[in-house]
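In what comes next, chain A is part of two complexes: it sits with chain B in the first one and with chain C in the second one.
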Partner chain A sequence: MLLTPRGGISGYAYTHARVRAMYSTLLSPHQWAKLYDAADFDILTAMLKETGYAPYIMVRAAGRKPTPRWVIYQTKRRMADAYMTVFRSVPARNYSLLVQLYRRFEIDNLKAVLRGIETGASWDSVLYVLFPLGEATALPARTMLEGGSVPAAIEHLRRTPYYNTLSHALRRYTAEQSLFPLEVALDLSYWRTLWHEVNQLSRQDQAHALPIVGALLDMNNLMWAIRYREYHHLSEEEIINYTLPSGYRVRDEDIRAIAAGADIAQIVTKIYPELANVDALLREPESGLPALELQLQMQLAEQCRRAFIGYPFHIGIPLAYLVLTELESQDLTVIVEAKSAQMPAERFRSQLLMGNIAHP
Partner chain B sequence: MSRLDIPPTRSNLLQIRQELQFAREGYEILDKKREVLTSELIRVAHDAEELQTRMRDLMSSAYHILGQARLIMGQENLEWAALAVNKTVDVQIQSRSIMGVSLPRIKARGEPPEMPYSLGNTTAALDEASAAFREVLDNLPELSELVTSVWRLAGELRKTQRRVNALQYIFIPDYEETVAFIESALEEREREETFRLKLLKNRPSNPAQSESA
Partner chain C sequence: MFYPQAMTEVEMVVPAKDLLTITDALAGQGVFHQADGRYLGSKAEAGSWQETAMTYSTLERQILVAMQALGVVPDPPPQTEHASLIDIEMVRLLLNQIEEDVQTANEKLVGRKKRLEQLRSYLRQLEPIADLDLDIRALTKPEHIFSRLGVIPIANLERLQTSLARIPFVLLTLRQDTQKPVVWLAGAKQDADILDRAARSAYLDPLKIPPIHHGTPADVIASIHIAIERQQQRLVEQEAVISSLRELHAQQLQLLLWRVRVSRMLAGAISRFDKLRYTYLIVGWVPSDKLARFTQLIRKTSKETLIDTTPIKRETAKQDVPIALQGSGMLGAFQGLVTNYAQPRYEEIDPTLLMALTFPILFGAMFGDVGHGLVLALLGWLLASRKVQALHNLASLGSVISICGISATVFGFLYGSIFGNEHILPALWFNPMENIMQILIAAVGAGVVLLSLGLLLNMFNAWLARDWGRLVFDKNGLAGLVLYWSLLGLAVGLFTDMLTVPPVVLIIPTAIASLSVMLSEMLKHLIEGHRPLVEDGIGTYAIQAFFELFETLIGFLSNSLSYVRVGAFAVAHGGLSAVIFILAEMASPSRGIGYWTVLALGNLFIVGFEGLVVGIQTMRLEYYEFFCKFFTGGGKPYQPLTLHPSAKGPNEA
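Then we have the complex of A and B:
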């Protein structure tokens, strides 16, 4: 049984102490610099053994050399464990927000299973790409896959929060024989529920959670609208249908304007006046968009770091820590992939988020 | 050059002349075929080379972008996204004929779905890689059509060239020499015959008369 503190200052005191302790195990700028300078993948792995990732990297059986894929998987395991530890320390009334945040990984696993069914993939090949949720999932992934049909798989989800969403989208799946409507329904439902959970918080918690969840949601929503338009050439109506009508800084009218073909740089500058050189960045949208995505993620990381400054007894602290853990894992993925491909530093440095941001 | 080893008879002369005529006509036809194949090959090879260069650039750029996507998302996430794509294009192959050479006409139908995956937990780099490979895929049927055509035309041209050479340098000269040989042999035989007839004509009809005289 999970021991969850009741809440209030005493509840968050425990949360804060716990999360602060874990926060200190995030990679420091000094450690990032060392990892960045690692001569190759083997040295990088050895360096990781001197960080908070040590328990995850050292478990490799003797004689078995760590592979890049395994190292990345282990960083995800650490992230999953961080969620579990935070869950145990958060006041019960705010527990559901973090659980909803964690569901993103479960949704990714659900998508992998549905894709596996659709493509006739084996369990091994699906298992290979699943996020290590461990016991924290009610998803009967293997049973669903072995059922061999998407409608039958959805029936296995009756007692999960995904059943209603998927069964509503099933008609379009049947008509179009494409998983896209199911996946979009899952994504939109996820963010709506997360936003709803934020709005259920007390006023004080809401004030701290909104900037973080809002930044996450805005970043996704804005990038979706732009990507649907620039890469996938969807119609105005489709873009509006496949994005969220609300956000923190991104408004419905912004999404509608993007869908209608308005100048993206102008809209992004209006939403994020603090972003520099958006015009130059988006002069060639196809190469500039990944860079814009990165800038928005950097803003998110900054936002999370700011949560640790000032009054500490609020949901923003565990929330920010979890998001930072995820961003750290993303950065480690970049470094691991780069080092294993023996990529020169100048080719991957621009892709780093945490490695480029100094601790406050 | 060597003449055919056949007896120099009038019937053989007629037959060889006929075959020589046939070989000359064949040579003319094959020579024309060679010209047509050569010009077609030059045209198709030029198109193929241009498209191949373009494809090389496209592929190089697509792999570079895929490398970026892999860098950002990681191999595992990339494979997670790729699980969504199970459909590729259907290829329909028809053929057209140029001077008896069957050249393919390749049409791709049923593009992969425009939106194989939803955008959750994917990046713009993945979209860019996907768009780059879609462009590669769009050009692939035409490239395979052109490259196959080049190979088939080149193969046929080589065969035709061999036949033309064989006719030009072996069969026709051999036939010509054989015809010349038979003609000269027949003429020789005719001369001999004439000489023999003259000799017979000049010989006295009664040998006893010539003796008494």
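Then we have the complex of A and C:
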């Protein structure tokens, strides 16, 4: 693997050139507008063939019509390839932060497999839910699923970073017969490691990585705390133990206040004074929380775009690009599903992120 | 040598009764690149073969799992030209018998290991309280307080304390550990609910000793030690059982694995055949030089099979013709550098030979030094010979490095340089450090030759593809070549007195070629009969045309000047070597051990660092100045059906 050895101008010159070129292939406002206005799924697929997704959409064998599930899978393949390309271009010493960022998809796959085992799902039905990690994963997903039991599946993970976390949490799974403790343990371990990786960076790289990774972590931590209280009705001590004390804008006292029963809208407004209508959103948590999350994601997207302005030789550039590809893929999934279900545009527009930023 | 291997499209109509033998013969020969032929026939038939392939795939995984459980490593597949589909039910039967033995034995082994692990974990948690003179139940099941002894992930420890901030509690770390310390959490009985929820959500795993171990912590520890000894003995016995099962089944599993793997591959291939009423249609490609033997063998296998072959002409080739490159030996080493840029298309020139000629020359010219060149050649030989285990991954680069080293040695003689010393050998050509202008002009001259060659090759490719517009009007076609050479002539006339013709003779072709480049798109449309001639309005087109010409001129200038680096690096090599000598003199003016140490390290640095930089620069010149003029790429690699799935195809060799 071609890895440049260090950071700074010399280390990031190639990274910057490479990522800039890839950044230019993200969907433009004009392309988003066209996709959004596509009359149906077939036209949407044809339009995607005129974008950076063309090599992934055009590979369908002759005579085989693309299905929505397949198109979504292919858009994710492009994201996975983007990660691989970026990995090859970043300075070696900062490689592990991006690898850890990528592990999120592996953890999602792991959760999907565990859920598949619990529900007795077939491999075919699980396969398309998995993020296409290709050979960049140590997860023997199919073997785990076909093993048929969660403890046996965890045994297959012995040589992975997840084994210790899962084998410790397994006792709770056995006692409670719920995947919840396993999933929470995986998430907590993931975000702690990611935060640790950011703190290992040089001062300059850290200054550029913190706003992006911090925004990601804050969003997750805050949304967890709110959901644990509003949906799961967990106790104060449980919410605290299932969340993280670290963050960029979200502080430990904010999480503790939410856990202790304080007014959530007031706390969210204190942390993000720029967000509009927080009170109104949180009055209806069912619809309000996804809307709040979308607003936080929009902030994250803006943060990522800002990374491309100014001094360019730092980790923030590849990091921002990768987060933007993920948000783009997320929006494409919404559009593909909506168009294939022939949903009217006004019903899904509010769920779009990049599309809405691109043409408000 | 100048093109990918000639391919012949093969269509076969195979009677259903000969389907399996023909498929076996196709895979056995290892030359047939299959195309997806499913556009006429029955989808249901293809689906059933797909299902068969999936069944084999499941069996293959089951075999691998059994092999893993027995510690059997898969052998390379046997070298044979024949195989047939193995009976699925027979495999299931055999596998069920083996799995039954293996699974029971393995479950016992895993169970015993876990039990041992568990006992050791009890010990770890009890040892810190070994001196306590009270019954263990006073800690694990107290009556008047809340008490929990156990292990906790270290990352959760601080959070646990935070979560209990509103009630009184005691949290003692009894045994430090980098991952899971042993802790004791205690508090008032009335806070038991809160303490329990906090401990559970912090993943504090409580110590739960089986009732068989009782008494004080010291008693329990002694009892656990005895249990551990007993468990170890059982573990050894179980490992012996696994070992005997390995002896019994290893060979059978190896054979089954290969047969099932080949069957999976064959079934997958059949699922891509097109089923007609009583026959199958098989479509694909075979290298033309192997066609005779291929058809002979197919006819021998099934006399009723109809074979229709169509040699693929370069000029009419469709994009899906697979590409088998012809490089072998030394040439094969450079093939990797070409495919790293792009896989050539069927109808265009394979630039491997050009790469093999120009790459070492450019490298040698930049790195000309007899000593350094020989070191590189030796290093390349070492890599290619695979004598050093740790460098196996770089073996494919060995030949390239070796040839570049030899070229650097030749240029070293031309420059009169050995290990940076330019006073020992006489220069057969000239010394770059003393003739800087001469080397720079020679470098640009070489660049002009290479760029012109690139333009000519593009014209040749366009002629092959019958793309007349590209041939005549393209910036990399005839118009570009005329423009480039006219401008060169004008530049020569401007700066020297070597131009023997009046400038107007060059100005006229310059003007015509410029106009052609500017209007190339419109002229191409005109030739191809494409209408409208101009898209997006005449104003936009005029601006685009102007910038097209501007970009072409800038491109020619920058591409030519890029080759200055060849001379610059030759000079830099001399300069860098001189610095090493100065540093060595500074380290030891009397030329003692320090002098020779600095010299040796300095030369190593030059070979490693400068060698790498020059390699990258050479690659850059090849890819971005030379290849982009004529090489489009985008071909599909040739991957024939084979009975040895691990064996590499010709393109990967």
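Rule of thumb we're sticking to: the second predicted complex is superposed on the first by the 350 of 360 C-alpha atoms of A that agree within 3 Å, B and C clash if a C-alpha of one lies under 4 Å from a C-alpha of the other, contacts with A are read in each partner's own complex, and residues count from 1 in each chain.
The rule is simple: contacts are C-beta pairs under 8 Å (C-beta built on N, C-alpha and C of every residue); 3 or more make two chains touch, one makes a residue touch a chain.
Note that the structure is a prediction, hence the values are computed from the model and not measured.
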{"item": "Which of chain B and chain C A:312 touches, first, second, both or neither", "value": "neither"}
{"item": "First, second, both or neither for A:172, with chain B first and chain C second", "value": "second"}
{"item": "Touching partner for A:52 - first (chain B), second (chain C), both, neither", "value": "neither"}
{"item": "Superposition-derived comparison: chain B or chain C, residues of chain A touched", "value": "B"}
{"item": "First, second, both or neither for A:91, with chain B first and chain C second", "value": "neither"}
{"item": "Touching partner for A:66 - first (chain B), second (chain C), both, neither", "value": "neither"}
{"item": "Which superposed partner A:111 touches (first chain B, second chain C, both, neither)", "value": "first"}
{"item": "First (chain B), second (chain C), both or neither touched by A:245", "value": "second"}
{"item": "Residues on chain A lying within both footprints (that of chain B and that of chain C)", "value": "234"}
{"item": "Chain C contact footprint on chain A (complex, rising order)", "value": "61-63, 142-143, 146, 155, 164-165, 168-169, 171-172, 181, 185, 188-189, 192, 234-238, 240-242, 245, 252, 256"}
{"item": "Chain A partner contacts - residues on chain C that touch it in the complex", "value": "36, 38-39, 58, 61, 65, 110, 151, 153, 155-156, 158-160, 162-164, 166, 179-180, 194, 197-198, 200-203, 205"}
{"item": "Complex contact set, residues of chain B against chain A", "value": "67-68, 70-77, 79-80, 83-86, 113-121, 123-125, 127-128, 130-131"}
{"item": "Chain A residues touching chain B - in the complex, by the definition given at the top", "value": "68-69, 72-73, 104, 107-108, 111-112, 115-116, 118-121, 125-126, 128-129, 178-180, 183-184, 186-187, 190, 220, 223-224, 226-228, 230-234, 286-287, 289-290, 292-293, 330, 333-334, 336-338, 341, 343, 348, 351"}
